[in-house]
Structures are given as C-alpha cells and as structure tokens.
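Two complexes, one shared chain (subunit A), two partners (subunit B, subunit C).
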Partner chain A sequence: MDSLSSQEELKESDIEKPKKETENLNENEIENEIEKENSQEKPEKETEEQKKKKYWDRSKIRRMRQLMKEKRFEVMIQAFTSSLKRILIPVSITMILTVILIKTLYSDQTMNNQFQDVSVYNENSSDSGGKKFAGSLLNALIIVGAIVVMTFLIVLCFKFGCMNLVFAYIIFSTFIMLGIIGAVTFIELLVAENLGMDWLSFVIFMLNFAVVGVTVIFWKGPEIFNKMYLIAVSVLVAKVFASLPEWTAWILLGAIAIWDIFAVLSARGPLKVLIETAQQEDKPIAGLLYNSSLYFENDYDNDDNDNDDENSDKNHESSSDKDHKFVDNPYSTSSDEDNFENDTNQPKKNEEIENKTEDNNETKKEDQDDDLIKIPKEVFPERKKRPETKKPEKVQYQYQYEDEDEGGIKLGLGDFIFYSVLIAKASLNDYSTVFTCFIAILTGLSLTLFFLIVYQKALPALPISISFGIIFYFLTKLVLDPFIEQLGNSSVFA
Partner chain B sequence: MTLVLFFGCLFVAFSPIIALFIFVIYKEAKLLIIMLAGAFFWLLSIFIASILWKIVKPLQDENAWSIAISIVAQEGVRLLLYKIFIKLEANIYRFATKQTLETEKSYLKGSLACGVGYSFAYVLVMYGSVMTHSTGPGSLFTSECPKISLFIVNALLAHNFGILNILWTIIIFISFKSLKNKKENKKIIYIFAITLSLASHFLLSYLTLIKNCKVSLLVNYLISIPLAIIGYFFIKKYYRNKKDFYQSQINETQKDEQTIEVIKPQENDQKQDLTRRRVPNDNTSDDEPVLFDNDIKIK
Partner chain C sequence: MDPSTPLTEEQKIKVAKKMYIAGFFFLPWLWFCLAIYFRKEKNEILQKYVKKAYFGFFVFTFFLLTWMAVFLSQRDRWGVKGDNLSVNIPYGDSNYDS
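And then the complex of A and B:
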C-alpha cells in the first residue's frame, strides 16, 4: 500500500517543475502570438488603435487566466463529485450486506472466537482492564506484524524476480478463502434459517462458487461478477475478523489505521525499496500488497478490453494524446523557456521516446500472455502505475470524463474489509450504533476523497473513517443509547 | 405482523426522505455529499445533547429537560451548519461574477439536501431502533390507544418529524440568507418564518409527551401545515414549474457550451479563431497541457 505513496511523491517532484514551466510557456506563448498576429495582420493601421487592441488583448488574457483557474476549480469539484458516487455505493453495499449477515447469524447466539487457537491472549470478561488492554494490544500487534512481514516478503520476492510465486500464493489463498470460509458461512446460514441441503449439491455448489470467483477476480469475466465477488470477499473476511474479541478488534482497527498512515505517507516504507528496484531494473511493479489507499488510477492498457468501437477509438486517441503530452513535459524542463524555437529537436526526441514506450508496451503485451497480467485493477492496481505512465493530474480528470466506469479514483480492497469489520463489530450491539458508525464511515470516506482531490496524492483511506467510526461507536454505546432509550420508552420525539 | 409491520413502519417513516433521495438528491453527486454532511452534523448535535444529559444528573429524571437540551443542540448545530454551508457555497461560486438564478437554485437544492440529511439521521436514530423491535412476534399497544399499534403511531410521528426537519432546514437557510441581503425589504416575513419554525419545534416535541395518540398526531399534522405552506412559497420563488425542479443541474457538456458562450460576446470579430483555440471545446479538459499541445500542432 505504500508503493503508491512514495511513487506519487517521486512523481510530484518530477512533474511539478515541468508543469510550472509549461504554464509560463503557455502564457508567454499566447501573448507572443497575439502580438505577432497584431503586427502581421494589421501593420498599416494607426498606432492608437493598436494600443487599444493590445490593452484589450491583455485584459482578455487576464480574463482567460481567471477562466482557466475557475475551470480548474470546477473540474476539481466535478471530479470529486463524480468519483464519490462510484465509491460510496459499493462501500455502502458491502457494509449493509455485512450487517445483514452478522444480524442473521448472531442475533440469538454469541459469536465464538475463530482466532481462539491462534491468538496469544484470550479475553475473559473477568479480567481487569489493564490486562485486557495489554493482551489485546499484543494480539493486534501480532496481526499487524503479520501484514508487515508479508509486505516485506513480497518486496523480497519482487527483488529476486519470483513474482509468479507470489501470484500463485495469492490465487491459492483466495480460492481457499472463498471455498472454506464461504462454505462455513453458508452452513451457518443454513443452520440459522433452519434449512436443509444434501452434501453432494453443497460441495458442487461451493466448488463452483470458489472456482468461478477465482476466475472472475484474477482472469476475466463480466465486470459485474467481478465486483460482486470482490464484495463477497470483503464481507467474508469482515465476518471472520468480527469474531475477534471486543478489545482486540478495536485496538486492531486503530493499529491498522496507524500502519496505514505510515505505509502510505512515509517515504521509508518497504515499498520504497520496491519502487527503487523497479526503476533501476525497469520492471513493472506488480502491486499485490495489502492495499488500502485512495489514489488516482492511470490505465492505458484498457483499450483491448473495450467492447464499443467508438469508445475504444476515443480511448486510443486520448491515450495517444496523453502520451504525447507526457513525453513532452520532461524535455520542456531540460530546455529553456525558448523551447518553442528549438522545435526541430523535439520531434526526434518524441519519436525516440515513443519508440521506447512502444517497446515497453510490447514487453507488456508479451507479459500479458501469462494469465497474471489480467488481474483486475481493484485488486492489484499498482501494476499500471509504472514510472513512465506519469502525467499531469489534470489529464487524468480528462480521462475520467471520457468513460466513467473505468479509470478514475480507486479504493483498495483492504478499506472495504476494515470498514466492514468496524460495522460488523458495531452490529453486534444495538441498531443505533450501526447507523452512527455507517454515517461516520461514509463521512470520513468522503472527507478523504476530498483531500485526495485537493492534494493530488495517494492517501490512506482508513485513518479518518476509522477514527470517526471508533469515536462514534463508543459515544453511541456509552452516551447516546441510554439517552435515546429514555426518550423512546415514552415515545418522545425531540 | 412481524415483517409486514416492520416494512410498513419503515416505509411510512422514511417515505419523504426516500422520495426526495431518489428524485432529487441521487441525481447530483454534490447533493449526496451535502446530505451526508447534514446527517453527520445532526449526529454531532445529538451527541452534544446526550453528553450534557449524561453529565448533568438532574436532567435525567425529567423528559421535559432532555427534550429541551436536544432541541437547543439541534437548532444550534443547524445554525452552525448554515454558517458552514454558506461559506462553502460562497467558495464554490467565488468565480461566478453575478448572482444568477442558477446559483440561487443550487443554494435551494443544497439546503434541501442538508434538510434531508438532517431528517434522515433524525428518523434513523430517534425511530430506527424502536422500529427494529417491530420485527418481533406480536405488537405493542398502550392503554390510551388500544386500537393502533404503538409502532405505527411512532412511525406516523417520525414521518411528520422527517418532513418538518426538511422544512425547518429549508426555511431557516433561506430566511437567514435573505436577512443577510441588504436589498431585501420584506425582512419581517423571514423573521416570522424563523420564529415560527423554532416555536413549532418546541411545541411539537412537547406535544409528543401527551400520551393520547390521536390528539398528539392530529395537532402535529395540523401545525406542520402552515410550515409546509411557507416552505412551498419559499421554493416557488425559484421554480416556475415542477419539471424544472426534478431536472438535474447542468451537465458537463452543457457547462462547456456555457463557458464558450460567456466568452463569445466579448470577442472581437477579427480574433475569433485565436480565442477559440484557447476556449476549451472538443477537449473535455481545458487545462494548460491541452493548450500546449494545440500550440505545437498549429506551428
């Protein structure tokens, strides 16, 4: 999850300068052109008129600049709002499904801890507060430590070029998770609803469920199935985590949020090593780290997948445009502001770079023969965030407008899971806790999204939402519930 | 009467919110955020009230006190929400040169979204946990109303309070904004509207203390009628017909056209193509990189 952060930082440092200079260039260029045209078109006219026109032009330019600013702001807001819906809807669907699942399974019976054999400390209600805290802190730290160790392992794997091993592991574990946890949950649901089913059809059903899930998530399939399976995965994992004892669960959530901050924002995360090696050896980064950050996605390789001819044409055009722009920028830094006079050199450079990028694309396509490449963006999005595909962020907006379903802002699967864990923990209590946590998480998410748009940088999606969620959970449980209960008992509306 | 009662109560209590959500708010993502913010702020207000209630012990004995704290907190936070909202709104239209009807409309829609969020959180917290008990076997009756289930009475009350919360928010938002406007000469109407909405909030909440359900329901609905009329006239100022209200705001393409229109009148005839190049038209984004590209191509 830290890959993006440090990568983005690099990106910014790379790109900021060229952007600024191009801005200056643009302005200068515009002014120059206007003056040129003035002098070329009407050289015979009187000087006074010319002066007037010049003045008028300047005011127009000023107006233009203001318009540009305004437009940029508008584009920002537009990007925020258009991406919001696409993120809020799946998150709320996941949370609602989790609540329904937990409420149907555990409304009558208590949840038994599925980590009982693994965890170091098992909570007893008779233990003192301090003991509980220390024990559950240890538990949470072990789980977070496992995540950290896995991240480092994957970095090592990447460094020594055995990515296929990692992919194989992830596919296998997804298969096992869908199969076994899905089966357990399904049996529990059957028991809770008091329904019967024979073993043969049950096994066939679960096998189908798991195989189709792995196929759809890692290889190909209809988009909607992909999304459904991703939601199913997060609901199942959330259900498992919800069985953690009370204290451990809350401390784990806090620890994950803190780790998230560190991993996404600090430059010394394990991912920095990953990016450095990727840049040195010019390998594509296959990001399959536990991912929980909000970020912009650049996808260029999507053209093959498009069904509509028009769309794919548009994409082609736009992507080629973007490549141009992107390629242009680094050179505009190296040369001076008089860049435009040195036009003659530029096309060659561009061609060279285009060739380079084409080569890269070719290598990419070669890679695509492996099954691994087609892994969807939701799970392994960083794959497409290669250093060469950097470009000014505004173009990303542009891309986003062109097709709203693909590209744009993405949310890691980890966030889905931990939001659902929080909601699942809350749904073991009264319904009012669920409502307040729901609103808190959604508000935190939209705040994070807003910051993402403002700062243009990969951000951890967990901290704001989780902290709101935790605060609201305890406030509701301790203060709001008795208050509402008292009002509700006499059916008073205040 | 388990699931049937539950869904009946659900749809009675949430009907105004669901309708407004589907037909107005869901169409514009901006309104969705405002609605979320409204819900969040209502939760803040109720937390403030409940913390006060928890800390000050004597308040816990009498329902009248808890109602008073709750109302004061809610109205105070509504005012805070108004302040924040108007600041944000001013920022969004910072570049808009003049106050057009479009910005007024968006202000109105924003206040509506705030109100929907406010009443959504209100109904969810105040009535939600009561409602979820209706899934149990059987129903609940009181000695004052032996014929109507308590869940249904509460659902009707929640329905009324849901509508009222939306109305209060709209009325207060519009009135405060109009009071700020120096050209407005009918300030007395707005002051009257504000006092009416505040007074009705107190009155109606205290009326729910009456155990006789018929009286409290009837009076509740009767008092909300004048507020509805005021709200209707406030909204009618900005909208000529119903269709106008349900249409979502300017699309992206329309926006582009608009900006072009804004510039065109100021253009000189001779330099049309020069300016046109700088005006974003085909390229959806109008940023510098695009211009940069165009310039190169032209050369």
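And then the complex of A and C:
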C-alpha cells in the first residue's frame, strides 16, 4: 500500500511542479524503485508479501508510463502531420507511375494474363456470375495461400536466426525480378513507343538496372537510389498482378486485406511476431521484408499492453529460479572479477572452470538486471539516446520525433504493391476510376496513419485503403460513370 | 543490410573500392551510384574514387551512346545482321517516305 500512496503524491507533484522537475522526480523515484527491488532480490526466497509489493511496483511504473504517454500525445499529433507527407509522397509517386505505365502499355490493346499457365480458373466473359466468382475465389485463395506460406517461412527463419537463407533467397528473387520483369516491361515499352534498340545495349541496360537495384536495396547506396528502386520494384510487381483477370484481381485484393488484418493484429500473426522480434532484438528488417505494416521504429509502448502481464509472470517464475544461484555471488560485479583475474595468475585452471560457472550466473544476473533497468528506459525513451542533455523538455521531445521522422514510420513494400495493383486495375477501366481510387487510397492511408498515432502499435495498412478503393471503384463504375456520360450527352459542360 | 546505417571512414573506403572494382564488369551505373553516394565526402581517397567513378561512367556512357547512335542510324544498311541484333524493329511511318 505504501507504493500506492507514493503514486498519488507523484501525481499531485506532477500537476503542481514544472515539467522538468517532475521528470527528475520521476527518475529519482524509479531509481529508488530499482534499488528497492535489487535489495529485495538479495535475500533468499520471495515471500508472498514481496510478490505483492513487486506487483504494486510494476503497476505503479505502468501508471507512470501512462502519464508520460498523455504528455506525448500533443507531440504525436505534430508528428502525424509531418509523417503524412513522408508516406503519402512516395505512395502517390508509385501509383502515378503505375498508371502511366499501364496507360502507355495497354491503352489500345488488352492485357494478356501472365498468370494464365499457373491459375486454376481462367475467366471467360461468357461464364455465369457464380462460376466466375467461385473460380476467381479459388485463384485468389491460391495466391493468398502462397503469400501466407512464404510469410510464415520467412518469420520462422527470422525467429530461428537463419536469416542468411532468407536474404539469399530474397536477394536472388529481387535480382531475377528486376532483371526479367524489368526486361519484359522494357521490351513492351519499346514496342509500344515504336523504338528500336540492339541486344547489346539492352543487355547492358538490364544488367546495370538489376545489379545496382540489388546493391542499393540490400547493401549500400545513396538513399535516393534506394527509394527509387523500391518504387520501381513496386511498380513492376503491380504491373504483373494487374494482368490478372478482372474478378480474380478484385477478390485477391479483398483477401489480401483480410489476411493483412490477421497477420498484423492477431497475437500470433506472423507479421506481428516479425515486427516484435525485430524491435526487441534491434535487428534491422531488410527493405523488402516488413510487408504491410505501419509502425514506429522506436516504439516502446508497443508491447506493454499485451505482454506486460506475461512478462511479469515470467519474471516471477524466473526470478524464483534465479534467486538460488544469485545467492552464490550476490556482490560480485564483472569489474571485480576482471581485476581478480588480472591479479592472480597461478590457479588459473581452477579459476577458469569457476569463471565459466560464474559467467553463467553472471549472464543470468545481467538478464535480470536488464529486466529491471528496462522499465525506466521505457518510461523515458529519450534518456536512452541523449542522457545528459539539459534542454527543456519540449525540445527534447521534438528531437526525438524528428529522429523518428527520419526513418520512423515505415510502410511495407507489400502495401505499395497492392495499392498500385488497385490503381492499375482502376486505370484499365477509365480515368474517372483512377482519380476516385487515388483519392480513396490516400484517404484510407492517412486514416491508418492517424490510427497509428492514436493506438501506438503496428497496424495493417491495407484494409482501410483497399476497402475504400474497392467501394469507390465500383461506385464510380456503376453510378458516377453513367451519370457523367448522361451529363456529357446532354452537353451540360459545353 | 540496411543502407541507411552510418559508416566509418574505413568502411566507406572498403565499400567504395568494392563498388569501383565491380564497375569494371560493364556496370557504369554502379559507378554513378558510387559517385552519388560519396559525393559529399571530404576524405581524399574517397574523392579519388568519386572522380574515377565519374570518369568511368561518362566514358562508358559516351561509348554506349555512340554505339547506339551508330546502330540506330546504320541498321537498315546492315540488312539481316542489323535485324538479328535488334530487340525491337520499329515499323515505319506510312506518311513519311524518304
């Protein structure tokens, strides 16, 4: 109960005192907490009371974190506007390029389905609606199934640390894709624009295009090249998907959006697992991997809602295990041990064996320390970055969010691709659907961004945009187009 | 793996060297990429690589463009050989007869 009352004090002080002081106060409080917890850990076993106290401490820290979150909210809204620009511009560029490409290639000829050989059902315009629906549902499910299997495989590899395999595969497939789809598109462009070219320079062009693409996406290169190539990859893949027959494409888009919801939001969804492991272990995810999700890179609040209870449970369990070993050398720190090693050279062999066991203990101890220290870091994320800046708080926050803006909110390449597929499908119809779908997708995306700021966790970027896009496509096609035609016929605008 | 991670000077020189050597395998675009990547570096070695890369890129591009120009203007004279070399043979304009 002690900790509860102190919590209330803290709240009052928070209101009364200026922000800077409260931060110091909070820090001190937390450091005290850690000391308390450390001192609690030293004696033998945990009693029920201590467990209870621990629970209260944790709840207190959680509430403090809540407070910090409220303060951050204003800044987040500011971050929203700036992040909007950073995300919307590349998405718009990708969609515009896709429309231009599709319009140049297929303005006077119909697209031939590039999935004809692999798809189960090939659409005939004479088929009945039910047959079309069932067949294209099957097609779409097969494609989604392939995506699901690949995502699971990649996440499994990521979890078990055989990323080299994944990278090898992805680099290879990116190279092949840039090379072959790029080459096919290039030839189609040459034919469409009626331009001549020789094989020698063609091969050199495509080789350069593909090799530099892989270098820039997966290795090193100027940032602008990286972005350009990511956009190029999205446009090329979108062009291939756009060759799917009408019904299959729309059902595929819907199915992908639903799969995206599951993959990012459900507790065991592969993309969620992927993002969380990446955040916890600070592993960067390569450009092509983080499909279909928007998230904060430095988002510490991400897992506190879901995992806090689990974590605390784990801590309880593991700490009771650890405590026994802990008693063996409770006061030995690593530096002490190092000195000890340097001083005494003679009984090295014995010591080495001892050291090994000690090392084991030590690593476990460090783990535990990490658990304890992590919490204040989560409460004050900016402390991790610049612990000794003495600027006023607001400035610190701004720095933090500027940092985040640099590479903060990320949009998966999968989103780019499927937005572009939608807009490509719309551009095969008419310009009116292109414009409505364009606006619909951007609206959906900014809504998603807004929700991202509000909920502070990884969100699927596809469902809102895609559903808006589908709704607006069919509304435009069925309602707006006939209306505009009518207006044109009766020469209202003339 | 992440292109946005900052590099130390030594790493930069290593990257530049690798890119520069790879550029000799008919990859002038990689040279251009290198030159853009390190254009703001003040390190002398890097600057050398940037200059060399620019030089290589422009020389290669010059020869490539020359070849393309020769090919496009001389293709009809070469007959079957020229046609075999072509990716796409543009059809003539019926309104324009020379």
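Just so we're on the same page, the second predicted complex is superposed on the first by the 282 of 494 C-alpha atoms of A that agree within 3 Å, B and C clash if a C-alpha of one lies under 4 Å from a C-alpha of the other, contacts with A are read in each partner's own complex, and residues count from 1 in each chain.
Methods note: a residue touches a chain if its C-beta (ideal position, glycine included) is under 8 Å from a C-beta of that chain, and two chains touch if they have at least 3 such contacts.
Remember, it's a predicted structure, so these values are computed and weren't measured experimentally.
Of the two partner chains placed around the shared chain by superposition, subunit C is the only one that A:E223 touches, whereas subunit B remains out of contact. In the superposition on chain A, A:F209 makes contact with subunit C only, while subunit B stays out of contact range. With both complexes placed on chain A, subunit A has more residues touched by B than by the other of subunit B and subunit C. In the overlay built on the shared chain, the residue A:L84 is in contact with subunit B alone; subunit C does not reach it.
Of the two partner chains placed by superposition, only subunit C is touched by A:L200; subunit B is not.
Shared-chain residue A:S128: touches no atom of subunit B or subunit C.
On subunit A, the surface touched by subunit B in one complex and the surface touched by subunit C in the other have no residue in common. Interface residues of subunit A facing subunit C in the complex, by the touch rule stated above, are 167, 187, 190-191, 194-202, 204, 207-209, 211-212, 215-226, 284, 286-287, 407.
The residues of subunit C lying in touch with subunit A in their complex are 1-5, 7, 15, 19, 22, 26-30, 33, 36-37, 64, 67-68, 71-72, 75, 85-91. Of all residues in subunit A, those touching subunit B in their complex are 19, 22-23, 25-26, 29-30, 33-34, 37, 41, 53, 56, 60, 63-64, 66-75, 77-78, 80-82, 84-85, 88, 321, 324-325, 328-329, 340, 343, 392, 394-395, 397-398, 401-402, 430-432, 435-436, 439-440, 442-443, 446, 472, 475, 478-480, 482-484, 486-488, 490-494. Interface residues of subunit B facing subunit A in the complex, by the touch rule stated above, are 28-30, 32-33, 36-37, 39-40, 43, 46-47, 49-51, 53-54, 60, 63, 66-67, 70-71, 74, 92, 94-95, 121, 124-130, 132, 150, 153-154, 157-158, 161, 204-205, 208-209, 252, 255, 259, 262-263, 266, 268, 270-271, 274-275, 278, 280, 283-293, 295-296, 299.
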